[in-house]
Amino acid sequence: MKIIKTDYMDIIFAENMEYTGKEIEELWAFKLFNTQKDNIVAFKGRMEVRREFMKDLKDLKRENLDIPIKSELAINFIVEHFDISLREIYLRQRILIFIAKEVIESYGIKLKRDGDDLYYKDRKLSVSIASKGKISGKIHLGINILSKGAEHVKIIGLNDLKIDADEVMEKIAINYAKEIDKIEKDMRKTFPL
Amino acid sequence: MKIIKTDYMDIIFAENMEYTGKEIEELWAFKLFNTQKDNIVAFKGRMEVRREFMKDLKDLKRENLDIPIKSELAINFIVEHFDISLREIYLRQRILIFIAKEVIESYGIKLKRDGDDLYYKDRKLSVSIASKGKISGKIHLGINILSKGAEHVKIIGLNDLKIDADEVMEKIAINYAKEIDKIEKDMRKTFPL
Amino acid sequence: MKIIKTDYMDIIFAENMEYTGKEIEELWAFKLFNTQKDNIVAFKGRMEVRREFMKDLKDLKRENLDIPIKSELAINFIVEHFDISLREIYLRQRILIFIAKEVIESYGIKLKRDGDDLYYKDRKLSVSIASKGKISGKIHLGINILSKGAEHVKIIGLNDLKIDADEVMEKIAINYAKEIDKIEKDMRKTFPL
Amino acid sequence: MKIIKTDYMDIIFAENMEYTGKEIEELWAFKLFNTQKDNIVAFKGRMEVRREFMKDLKDLKRENLDIPIKSELAINFIVEHFDISLREIYLRQRILIFIAKEVIESYGIKLKRDGDDLYYKDRKLSVSIASKGKISGKIHLGINILSKGAEHVKIIGLNDLKIDADEVMEKIAINYAKEIDKIEKDMRKTFPL
Amino acid sequence: MKIIKTDYMDIIFAENMEYTGKEIEELWAFKLFNTQKDNIVAFKGRMEVRREFMKDLKDLKRENLDIPIKSELAINFIVEHFDISLREIYLRQRILIFIAKEVIESYGIKLKRDGDDLYYKDRKLSVSIASKGKISGKIHLGINILSKGAEHVKIIGLNDLKIDADEVMEKIAINYAKEIDKIEKDMRKTFPL
Amino acid sequence: MKIIKTDYMDIIFAENMEYTGKEIEELWAFKLFNTQKDNIVAFKGRMEVRREFMKDLKDLKRENLDIPIKSELAINFIVEHFDISLREIYLRQRILIFIAKEVIESYGIKLKRDGDDLYYKDRKLSVSIASKGKISGKIHLGINILSKGAEHVKIIGLNDLKIDADEVMEKIAINYAKEIDKIEKDMRKTFPL
């Protein structure tokens, strides 16, 4: 485990582990990593979210699979911001998606974005969700490394694109935290209307 | 003037006019265009913001120019969201910047982004600010069409990049409003934590 | 099922069904009707809320009945507004009550209102509750069509008052959604203090 | 001057004075009446709001009169709630309007309501506005006593309807404050979703 | 049971009872004491919080005890504020702690404070937690009367300091409620910036 | 000038200067010290607030002096928190007052506190105000070093109490910032209700 601290966030690079959907619960990062700041945790691992841990009710309605989200190997990002509205956590999710896209495209690849989904040509590169509990809002973003595992959807992985997953993982986590820091600074240099 | 209505926003394409900085005041869009929704107004025109209308105190401290922001011809976007926090209007500003970048890059150009600034190589393509009054938060984004006007900064314009300013203007405004609509929809399909 | 869309709300007229209290849970309307907007769902049916689904702790303390809320036939309204404070959902509940009263009184009947309860003379015409979860606030309003079902309370129904329940149901739902739209518009035409 | 105190509000019946529009500024009630609670001030007097004190930009755009709001004699209510959003002060305005309607209709008169306006047949009985400053939100409601003064609009007054203005003024102010108290109590008796 | 009412709070002095951690749930005070205001409940009794009722995850991680919080006799304060953010309930917790310190020090004793903990020399006098649910934020503060019960921590009680627990309990509860009232009044006498 | 950075705040010790009341305006600290964080600025100097710069309307009503606040030499603290409600800035003001009291009392002196005022016996040691603008909330706390300057009020200064003003100034500023940091950490270690 490695922690990088920015002004407003802890960036935590964790050992490989599976993403099961339970990691999106509030305070998960404190339980495992003792962080007491807003935080982004990044790790590599299998992604397998069973129906009971799915937060996306639209996906649940659309699909009858027991394990609607599956990927043999993925980079996972779990973001937690405390004391935040549902709308604000969704705005931040979009910023995370845009940063992921920006980082991956810096490797000379052109992605397509549709809301919070990233595609390479017609193949799905990522899954994402945001939600809110009683004390914090959380985001999950998973980016496939391999193109195996998913049922019913054609997926693609960073390996297929010849992109170094570790490097991308590090850049996205750091750039997100830095962008949040920058936003906090920009808020404090501007005259009111 | 042309208005396109989405679920949560009015998209207003206005006649050419100058951007002077006064347009960032609250209710400006209602005064001119009678919109009573959150809105994005897009227009082309000269950009010339005198010190007294500058909101960016950091820029004011850095530069002694009488007219710190100047561009002979630019696309301007003025966004207004009502009843919003300072933090939230800044999060939305970033989303607007990312969408502008995404649209321009769809023409085969590669931009660099630093916070809310867009660059082509080492030349500045855009200016932006966000702020909050008593009843609304507002964003201004200006994207140069010509590379003339600015002092002290090397700028670039869409014309230099052979990109159609009108088309870009339309796409950015529409994509921003659609993204906001999508975020509002996504908020309403997700189980709480 | 019939859906009418206003600027900020979906108005859903559902098939007859029972109101059991479970319908007040978050995202219930999305589950059944796929709406991804703030919404008001209206339907006719029996009302029977068992103790375990009661949200009104005051009523629970006052009464020892197994099924504290019972009405053989009622119009039911279930409203959901996302990302809202407890206070704000209660303010909106009052507006719904006032609109229900206004619509019913347009039939030449004079009602009495006490907080969120409507009476005709000394007989109770309605029940209502508002509450908040993690992501949305919800309101239930039930208006008796028949005067049967309730224990311990003298109730009255729209049938006793010779008022067309279907017509009233439609008008209340539409007028509520339109009032919310009008409030959103009014907020965007007024100078700050 | 007479003050009645409820749990959350001061109800202040002030001596006759003119309503000029300046009374809607923040802290006006503290300046004159030393109230340090959320408050509703009620008084009778001439209503004459010059363009420069108008908050309703829509009215200003519609009319070219020097004094767009004029009434020879009216009941005026000025409500102040501290630390409140623009949306919430508008929701409360609607509740005040509904209570005014309810009180006046208790005299056997039937009114029509359109948003925040009250009519008797096709004649306008009231004017109202709500807005927000930096620390509080405010509402003004004026109800004509005489049908004189207004230009361009057919108005009606409580005198024409044979309704005692003093009694109505007292009831509306008290009922509004009591409703707010009741809402605060209702919020504190309900299980969360 | 004795209730004192201030402008914004109910102060409830309850019969002796045990503090088990369940009392921190939302609406507990309404269930037992019928209060429908923000409230502070004070009582004496044994304090014994089992792991499953602990809210302090940091304490849980640090200690393996079955009953991490234990005190043979303590004064307990349970505060509930409705419709409040996590940050705000924590700010109020600190104010409660400072008031407790102020009251106890008025007996000529000098305490040390570290965040939300009070010490006499190196011995712990108090435990405290704050948290938030869906509709309210709550605070618990327990101040030992006896120095028995705790494992692993050296504690001290008011009896050791020759301080009258009943008197202190009354003063802290009253002073807290009065401070909140004073804050609400101060907010309503100050010009905005 | 010296800056100490904590997780959430900049602590700025500025050169001696006068406190005139203008320093409470939003962004004042950025203008002078380039801080883009929430901040506390501490400095010594004369305190002289003319009527036009007074925020405390209650004081203005009570006194007819041209310069209602005057002290020949004082420690001044100016705190700025961005994007904050009026209520929250007042809660933080109380925490600042309690910390000032705690620090001064650590010198073996016993103070009395009444709301946001500190007294030694019957003599006033401090003045304080909190308020909110469009983008930030601010607090001023002034603690007399000398007992000269004030009219109509008996004041006392740290010098009379043989307390080192520089040391006290440093401790209060640092302890306030650390307490805010601690609160932010505590919020992120607690299970929701």
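By letter and in written order, the chains are A, B, C, D, E and F; residue numbering begins at 1 in each of them.
Throughout what follows, a contact is a pair of C-beta atoms (placed from the backbone, for glycine too) under 8 Å apart; a residue touches a chain by one contact, two chains touch by 3 or more.
As the structure is a computational prediction, the values presented were derived from the model and not from experiment.
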Key: Mutual neighbours - chains that touch subunit C and subunit D alike   = B, E
Query = Among the remaining chains, which ones contact both subunit B and subunit C?
reply = A, D
Ask   = Residue numbers at the subunit A-subunit E interface: does the shared fraction exceed half, giving same, or fall under half, giving different?
value = different
Request  = Matching residue numbers in more than half of the contact pairs is the bar here; say which of A-E, B-C or C-D clears it relative to C-E.
outcome  = A-E
Query = Measuring between mean CA coordinates, which chain is farthest from subunit B?
reply = E
Message = If I rank E-F and D-F by number of C-beta contact pairs, which comes first?
response = E-F
Query = Could you state the distance in Å from the CA-based centre of subunit A to that of subunit F?
reply = 42
Request  = Could you tell me the distance, in whole angstrom, between the mean C-alpha positions of subunit A and subunit B?
outcome  = 27
Remark   = Residue numbers in subunit E touching two or more further chains are 26-27, 30, 57-58, 82-83, 86-87, 131-135, 184, 186-187, 189-193
Remark   = Chain-chain contacts, ordered by label, are A-B, A-C, A-E, A-F, B-C, B-D, B-F, C-D, C-E, D-E, D-F, E-F
Request  = Enumerate the contact residues on subunit B facing subunit D in the complex.
outcome  = 27, 30-31, 34, 82-83, 134-135
Query = Contact residues on subunit B for subunit A in the complex?
reply = 24-26, 54-58, 86-88, 90-92, 94-95, 98, 101-102, 105, 113, 115-116, 129-134, 136, 138, 179, 182-184, 186-187, 189-193
Ask   = Which residues of subunit E touch subunit A in their complex?
value = 57-58, 61, 85-87, 131-134
Key: Sites on subunit B touched by subunit C in the complex   = 7-8, 26-27, 30, 35-38, 82-83, 133-135, 184-185, 187-193
